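In what follows, structures are represented as structure tokens.
Next, two complexes with subunit A in common: one pairs it with subunit B, the other with subunit C.
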Partner chain A sequence: MTPLLTVEGLAGVVFFGFILLIIFGALVATNAVNLIRAVCGLALCLVGVAGIYYFLQSPFLALMQILIYAGAVCVAIVFAVMLAEPQGVQRLERAHPLAGPGAFAVAALMTWGLAALALRTSWPEAAARVNAGALEDVGRAMMTTFVVSFELISLILLVAILGSLVLARRGRRR
Partner chain B sequence: MEIPVVYNTLETYLLIAALLLGFGIYGILKNRSLIGILISAELVLCAASVNFMAFNRFLVPDPVVGQIFALFIMGLAAAEAAIILSIIVAVYRNYKSIDPEETAELAG
Partner chain C sequence: MSELPEIFRVLAFVGGIMALVGLNAAFSVWLERKVAGHIQRRIGPKEVGPFGIFQSLADGIKLMSKQLVVPAKADPVLYRLAPALTMITAVMVFVVIPFGPALVARDINIGLLLIFAIASVNVLALLMGGWGSNNKYAVISATRAVSQNVAYEVPMLITVVTMVMIAGSMNLNTIVGQQQNLLQWYIFPWNGSLLLPVSFLIFFVCAMAETNRAPFDLGEAESELVAGFHTEYGGMGFGLFFLGEYGHVFVGCALASILFLGGWQCPFGWLPGIHWLLLKTYLLVFVVMWVRWTYPRTTLYGLLNLSWKVLVPFSLAILVLTAAMLKVF
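Now for the complex of A and B:
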């Protein structure tokens, strides 16, 4: 426990704020009937995760999270909602009355198991660091050690662009 | 007033990741539209990234590896979202619905 009005205490308050943002966003994203509202919940949740990345000493990844996830992916999902549901959102009734409670039970069991595993394991001491993990180190490693995966991900993105163009264009002729 | 400092322990971040995974699985099982399932799948991918970053911060000697891994997960998630969204648009054109129960016919 630390006093509230210190740097550590205020950082702790901000951290709890980010956790609340994640939980609220995930609740909205999974429970909202309106798909646009669910996408907004997803964006909130992803901004919260960006804050978590900031606390994990990686401001670069926090920036990328906001740029790619909260920016690009959410906007793409909104576009799909507009293209696929032109008459507004129709309510989909659930096939089975046990679907909601069953899903909750499975998810709670999974979360409880993972949390118990994380809390019970005695993690080893941190090893000595070989560099600071700054943006410069990330860029150098990406261009030397991980250059093959870097090229592969560019190829995957290219194939994804071409594939989505072909898939979305095919239906238009009919 | 006092507040517990929890942001310097590995377990906190693992708990956050477990929570995100739980929300994602709940959404995937419960939702009745393809876009809802995609949104929940993004939560699961996020949980994986948080796990990688947590171990990267607290245990790994080279703190670059986890960041690059999380970056690649983001790139893959973007590609996956683009593909799935175009599939959803194609499914909607053929079936006039994005309910996964109605797309039960294999050959169009």
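Now for the complex of A and C:
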């Protein structure tokens, strides 16, 4: 048991703070009375995940997480919701009675599977992987080891852009 | 006991940044009213203190003494959270701004990325405020603000990528360190790419649009939308939105002066320090206000067309040209 007022102790407090943030955000996201609040909970949860990345010495990944998920994905979702139902606060419909237990079962199965996987894998030594998420390493890995996946992702984005252009064009002619 | 000074350093920076955000807002409001006044052939505030310099203080006390009213049909959580979130993002981006050679709260090597990551969350605050108020004007304004922010983030980030390619670093202090005198400023075309002045212009226009300043202030177009996303806010809720907005204007201008105008470096090599950054930043802030009171508000389509049809192609062309020039020379 490390005392609280050392660097390790404070780091542990911060770590559990982020864990609590993630759980709280996830609970808000699943139990909120309306969609916008749910998205805000999701954003909170994603910021918590970014905090975990930062805790794992990968500030680059943490900032990308905030920029892309909290800054872009959540904003896009809220934007879509506001365009779809701009009027007032609407309560979400109650789902099918079996949906809750079903989702719980699936989530429990996922947790069990991931935990089993994480516990059985022989992870490399922690000391050798400090700074694994540094800017230079990510850049180098993207341009060498993972260059094919990198190019494939840009292809997917290109297809997405073309697809949205086609959809928008079709809407305009009508 | 080795971590004790670090704690003190952190506390000093937290206090200093909070004070700077507050003072900056007070000064900017006063400057805005003075600039607006003189441009419209009035003299602006003059009663409170010499040249009305304490007018913002009086405004602040007035705002703080007002009762916080939450509209009955508003979403109480989102309504209260939104101004605080604006304020949080505005304060957090100050963390990596280098005010002097050693005067930076957190000198991380991806400072530039941090500013854009945190600032992109500010849009979420506008959305929450606009939607949480449960007011039609506020919702329209929030959707406008978002489409505008998304549109202008693209050319801004492309321009920033160009600058990162030229400077070879995302550390703001390193970028400033490379521009030691007037001739080495990145605004001049002989420092890497022929089109650097155009890059500066694109960056500045985008910074103005990102902070929802006129002529791009469609989010709060008062002639059509009452006051935009903060229609329902009064007292310090409104005050926090204002503090946040001026904080973002300051950061945008400070970033422009860091990337293109040498930050805390003196143009002639004398006494580098915080005063040069503040001087350059407030000159740019003055230009932002000058533009606001000179140009009429654009339309939404004009605004979006400017971004997607002019700024994005130009910034992409500059990116390609800069890459080619860096490869050749």
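Just a few scattered comments:
FYI, the second predicted complex is superposed on the first by the 124 of 174 C-alpha atoms of A that agree within 3 Å, B and C clash if a C-alpha of one lies under 4 Å from a C-alpha of the other, contacts with A are read in each partner's own complex, and residues count from 1 in each chain.
Operating definition for what follows: a residue touches a chain if its C-beta (ideal position, glycine included) is under 8 Å from a C-beta of that chain, and two chains touch if they have at least 3 such contacts.
Treat the numbers as computed from the prediction; the structure is a model and nothing was measured.
In the superposed pair of complexes, A:142 makes contact with subunit B only, with no contact to subunit C. When the shared chain is aligned, subunit B comes close enough to touch A:103, but subunit C does not. By the touch criterion defined above, A:83 lies against subunit B and subunit C together after alignment on the C-alpha atoms of chain A. Legend: residue contacts after superposition of the two complexes on their common chain; A:64 is shown touching both subunit B and subunit C. Partner contacting the larger number of subunit A residues, of subunit B and subunit C: B.
In the overlay built on the shared chain, the residue A:56 is in contact with subunit B alone; subunit C does not reach it.
Of the residues of subunit A, those at positions 60, 64, 72, 79, 83 touch subunit B in one of the two structures and subunit C in the other.
In the complex of the two chains, the subunit C residues touching subunit A come out as 3, 73, 75, 77-78, 81, 108-110, 113-114, 116-118, 120-121, 123-124, 127-128, 131-132, 134, 136, 139, 142-143, 146-147, 150, 170. Within the complex formed with subunit C, the subunit A residues making contact are 7, 34, 36-37, 40, 43, 59-60, 63-64, 66-67, 70-72, 74-75, 78-79, 82-83, 86, 88-89, 135.
Subunit A makes touch with subunit B in their complex at residues 1-5, 8-9, 11-13, 15-16, 19, 22-23, 26-27, 29-30, 35, 38-39, 42, 45-46, 49, 52-53, 55-58, 60-61, 64-65, 68-69, 72-73, 76-77, 79-81, 83-85, 92-95, 99-100, 102-104, 106-108, 110-111, 114-115, 118-119, 123-124, 126-133, 137-138, 141-142, 146, 149, 153, 156-157, 159-161, 163-165, 167-168, 170-172, 174. Residue ranges of subunit B in contact with subunit A, taken from their complex: 1-7, 10-11, 13-33, 35-36, 38-40, 42-43, 46, 49-50, 53-54, 56-65, 67-68, 70-72, 74-83, 85-94, 98-99, 101.
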